[in-house]
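Each of the next two complexes has subunit A plus one more chain, namely subunit B in the first and subunit C in the second.
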Partner chain A sequence: MTFAGVDVGTESVKLVILRGDQILFSKAFASEDEGSVASRMIMEEGLGQTGLSMDNIEYVVATGTGRATVEFAHKQRSEQLCHARGARWLIPSARTVLDVGAEGSRAMRLSEEGKVVDFAINSKCASGTGVFLRGMTKVVEIPLDEMGAMAAAAEKAAKISSFCAVFAESEVISSIHTGVPKESIVAGIHEAVISRLLEVVGRIGITPDLVVTGGVANNVGIIKRLQARVGVEVKVPESPQTVGALGAALIAQEIGGK
Partner chain B sequence: MSSEFSKWMVNRHEAVKEWKEKNQKPVVGYFCCVVPEELVYSAGALPVKISGSTEKTEVVDEHMVPYGCAFVQSCFDLAARGVYDYMDTVIVPNTCDLVARMEYWYRVASPRASTILGGLEAHPYVFYLNYPEKLTGSGVHPFLLNQFRLLKQHVERLTNSYITDEMLRETLEMYNEHYRLMAQLDELRKQDPPALSGYEAFEAEWASLLMPKPDHNEMMKKFLKDISERGEKPKKGVRLFLSGGSIDQNAARIYQIIEESGGQVVGEDISTGTSYFRGITFDTSKAPMDASVELSLKVPCPRSTVDANLLSPYPEYRWNYVKNVVKDRNIQGAIIYNLGYCECRGLEIPHFRERFREELNVPTLVLSGDYTMEVLEENRSKIEAFIEMIGD
Partner chain C sequence: MLLGGVDVGSRTTCALILEDDKILSYGLINTGAESAKTSRKAMDIALDQASLRLEDISYVLGSGYGRFLVPFANENVTEIWCHARGAHYYFPTVRTILDMGGQDCKAISVDANGNHTKFLMNDKCAAGTGRFLELMAEVLGFPLEQIGPLSLESKNEVKISTTCAVFAKSEVAFLMRSHVNKIDILAGLHEATSVRTYGLLKRVGIKSDFVITGGIAKNVGVVRRVEEKVGLKALIPEEPQLIGALGAALLARDKAHAAGIARQAS
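And then the complex of A and B:
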C-alpha cells in the first residue's frame, strides 16, 4: 500500500510518497501559488515520476501552516507531530527535534519511545527563522548559500544583539559602515538566529540526540555554530526540508494502513 | 445546544438595560469575584460583573500606560465611552494594581454629579473595597467585616433601603441554592464524555454574573433537566483543565477553539463564577455579615496570599485548590492561558507547570494573549498541536 504526506509551508511545498519502508518520491519546491494549487502541482509531479495515480494512494496526511488547503488530504496533522515522527524514523536516537522553517521554528521533546511529550514554538517574530536570513542576504549582498559557508568558516562574530529583525537590519548596516569584516557580520547574523532558536528549544530543554529539520537545517553556518553553542552533536537528516512531509506520510501509513 | 444563557453572553448590555427598565432598580457594576455581590442583591440592586470588549480602545491611551493588562484597559475604555453609563455605582476592589487604579480612573472617565456634605461626597459613584492581601491572621476577618459594612452602607444609600440580617440571610440562602445548582452542573462535567461541553457550562456560569440569581436558578433547573434528558452528548475529546484570568464573554472563544481542535474543557480555574466558589457555600448558621466575609476569604484568588513566606514562596494553597479540582476528572492536559502583564497569574505559571508535570504527570501548554480575538486565533495551532500530542 502507498501513502503520502504533504507539507505546505509558507515558502515551499513538500511531498513524500511512501510504500512500506521505501520512499518512492521526496521533493520540496518553493512556490508562490496558493496551498491548494501548489499541493496539487507537487502531487501531480510525484504521481508522474512514480507512475502512480491518485487511486493508488491509500491515505494522505497534510501538515504545515497551509495544511487546511490540501483538498485531497484525508487528515491533517500539526507540524510538531510530523517533524518529530519523520526525524525519529530517520534518526531513531532523536530525543529533541528542532524544526526551523521559513517563518517559524518549533522544538519538540520526545520520550524514549518517540512520542512528543512537550513542545515550544517561536513567538511572533521573524528573527530566528529562514526569512530573517533571506532578508539579511540583501543587506550584506551575499547569496544565501554562500552566507552559510562564510558563517561556518568565520572565527569572530559581530554582535547583532537585537531581538527584532527590523532593528537587527539597522545593526548590520551600522556594522558595515564601521568597517566590521563581512565574515564577522554574517557570523553575527547567524548567531542572532541561533540565540532565538535557543530560546525556543530552551523552553523544553535539550536531550540528546538533537536533530534539526526544516529548510534552515541546510545552512552549514547555523548547524556548526548551533553545535558549538549547545555543546552536543547536532544531527541533520539528509533531506531536512522534507522531514515534515515524511512524518505526515508515516502517520498516513499508521492511520490508513489499519 | 443553544441555551437561554446565550443572550447574556451575546448581548449583555441590552439584557441588563432591559432588566433595569423593567424593574426600575439600580445596577451595580463590580470587578473581581472577591466582591460580595450578595450585599448588592440584598439591597434590591442588580450586581453585574464588569468586563471588556473586543472593540478597539479609543480613550484609554490618554490615561493608561500601554504595558498594562488589556482586559482592564478595555473595561476602562468602555466606561469612558459611556457604554457602562447604565451602572449606578461601581465597586472597585484592590485585587491587582491596575484594577485598584480604576477607583480613580472611573471617576475621571465617568464623572457623576454628587452632593457634597462637609467636604465629602455624600454618595460617590465609585466604591473602593480595600481587600486584604494576606488572608490569614486574627485581624483579617474584622478588617474585611468593616470593609463590607462600609459597602453595605454604600448600597443602602444607593437603594434608599436598610438591609436587615433577615434580608441578608434570605439572600445567602438563595445564593447557596445557586452554588448547589452550579455544583450539580460541575459534577456532570466529570462524566466521560462530559454531559455538556465546556462552552455550554461557561455560558451558564457567565450569565449568572449578570442576571438576578433567582432567575438564573430557575433557568439552571430547566437547563439541568434538559441536559439529563437529551440523548446526544458533546463530542468525546481530550480532557483538559483550563487555567487563566479574565476569561469572559470574549475570551470564552478559547473553549470553542479547544472543542474545534478535538479537546474538551472539563474543569477550570479562570477567575469566573463557580471556578472560584467551587465547593464553598455560605454558613447561614452564622451572623450573615460574618458568613459573607468568611466565604469571600475562601476564594482562592491568585492575587491573595495565604501560606507564602520566605521559606516557601510558592502559593501552595493555589496549587492545592487546582489539584482538588483536577481530581476525579481524568485530566489529560492543562492549558494555562495568561493575559499579558497579568502579574498575579503570570507569577504562578512556572510553579504550576512544574507541579502538573511532577505530581500529576499532566502536560501543560502555556498560551499568552492580549485580549484580542486575533491572538486567540493565533493560538489555535498550538492548541491543535497540544491536543494531538496528548491524543497521539
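And then the complex of A and C:
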C-alpha cells in the first residue's frame, strides 16, 4: 500500500510518497503558485516518476501553512506533529526537533516514545527565518550557500544589535560602509538568526539529541555555529526540507493503513 | 544668547538655532550614512539662514539616535528629554506625546513643567514605525507623502494579518496579485500601524493634551486613526520634525545658564 504526505510551506511545496518503509519519491520545489496548484503539480510529478496513479495512493495527509489548500488530501496535520514524526523516523534518538523554514521556526520536545509533549513557535517575526537570510544575500551580495560556508569558516562574528530584519539590513549596510570584513558580517548575520532560534527552542529546553529540519538546516553556517552555541551535537537528516512531508506520509500510513 | 540643538535621527537630522526664546532658523536633511558630516551639514543650513557662524553659538546639545556623532556639540542628551521639552514649548498644556520617527516610536508622559515622567519605546521592530510605511509605499508604488491622505479614501479596508514588515511585504504582494484595491490595502496598513501605536500609548497612559511629533505626524492617515482610538484630538506642531532639535536647544539654554551662574558664583 502506498501513502503520501504533502507539505505546503510559504515558499516551497514538498511531497513524499511512501510504501512500507521505502521512500519512493521525495522532493521539494520552490513555488509562487497558490497551494492548490503547487500541490497538484508536485503530485503529478511524483506520480509520473513512480509510474503510479492517484488511485494507487491509499491515503494522503497534508501539512504546512497551506495545508488546507491541498484538495486531494484526506486529512490535515500540524507542522509540529509532522516534523517531529519525520525527524524521529530518520533519527530515532531525536528528543528535540527544531524546524526552521522560510517564514518561521518551531521547536518540539519529544518524549522517549517520540510523542510531542511541548512546542514553541515563531511565525510572527522574520528574524530567525530563511527569509531573513535570503534578504541578507542581497545586502552582502553573496549567494546563500556561499554565505553559509563563509559563516561556517569565519572565526570572528560582527555583532548585529538590531533585532528586526528590516533594521538589521540597514545595520549591515552601514557595517559594510565602515569597512567591517565581510566574513565577520556574514558570521554575525548567522549568529543573529541563531540567537532568535535559541529563544524559540529555549522556551521548551533542549534535550539531546537535537535534530534540525526545514530548508535552513541545509545551511552549514547555521548548523556549525548553532552547535558551538548549544554545546551538543546538532543532527541534520539527509534531506531536511522534506522531513515535514515525510512525517505527513508516515501519519497517512498510520491512519490509512488500518 | 544663541543656542544650538541637533537631533540626529535614524532617517532625518535637524539642527536648530534658538535666540533666547525665539527659533531663528533650522536645517532639516536626510541622515544618510555619515552622521558626523550630516549633523554639520544641517547646522550649516541653519547658520546660513540666520547669517551666523558656528562660533556665534554659545552652547550646542546633540540628541537622537546619532547624538554621539555631533562633533561640535558641547554635550549630548537622550531624545526623550528633548521631545518632552520641545513639545512643551509649543503646547504648555501637553501631558502625552507620541513621537513617531523613521525607525522607532515613543510614547512619553510629561508633567506640567515639560519634564518626562514615563516613557515607552518600540525601537526593536519596524512594525509601527516610519520605515514600515515607507516599505509598504514602495511595494504599492505610491509616493510616501501621498499614502496618508489616500488611506482615508478607502471604503473597504483590508485586514492585514501579519505584524512583521517583511511578512507584510509578502502579504501586500499577494493581495496585489489577487487584485485587491490598493487603496484598501493602504488603509489596512495604516490601521495596523495605528493599532500598534495605540498599544504603546495605552501602556504609558493617555492624558490630555495629546501631541504628536516626528515624521509620521505628517501622515494624516495615521494621525486620524490614532486620534479615533485615543478619543482625543492631537495637537501637531507646524514642523513636527524639528521638536527634538528644539528641545535640545532649550536644554542647551538651561545648561548654558547653569554654567554661567556657576561661573558668577565662583
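The rule we apply is simple: the second predicted complex is superposed on the first by the 257 of 258 C-alpha atoms of A that agree within 3 Å, B and C clash if a C-alpha of one lies under 4 Å from a C-alpha of the other, contacts with A are read in each partner's own complex, and residues count from 1 in each chain.
Assume a residue touches a chain if its C-beta (ideal position, glycine included) is under 8 Å from a C-beta of that chain, and two chains touch if they have at least 3 such contacts.
Owing to the predicted nature of the structure, the values given are computational and were not obtained by experimental measurement.
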Looking at the superposed three-chain arrangement on subunit A, would you call subunit B and subunit C a clash or a fit?
clash
Contacts of A:Tyr59 with subunit B and subunit C, given as first, second, both or neither
neither
Is A:Val116 touching anything from subunit B or subunit C once the two structures are fitted on A? First, second, both or neither.
first
Does subunit B (first) or subunit C (second) touch A:Phe25, or do both, or does neither?
neither
Now for A:Glu103: first (subunit B), second (subunit C), both, or neither, which partner does it touch?
second
Specify the partner with more touching residues on subunit A, choosing between subunit B and subunit C.
C
Just to be sure I read the superposition right, which of the two partners does A:Glu79 touch: subunit B = first, subunit C = second, or both, or neither?
first
Subunit C clash site on subunit B (candidates 2-10, 38-46 or 56-64)
56-64
Contacts of subunit A common to subunit B and subunit C in the A-superposed view 124
Using the touch definition from the top, list the residues of subunit B that touch subunit A in their complex.
363, 378, 381-382, 384-386, 388-389, 392
Given the complex with subunit C, which residues does subunit A contribute to the contact?
10, 103, 124-126, 131-132, 135, 163-167, 170, 173-174, 177
Complex interface listing, subunit C residues touching subunit A
10, 33, 103, 124-126, 131-132, 135, 162-167, 170
Applying the document's contact rule, which stretches of subunit A touch subunit B when the two form their complex?
65, 77-81, 115-119, 121, 124
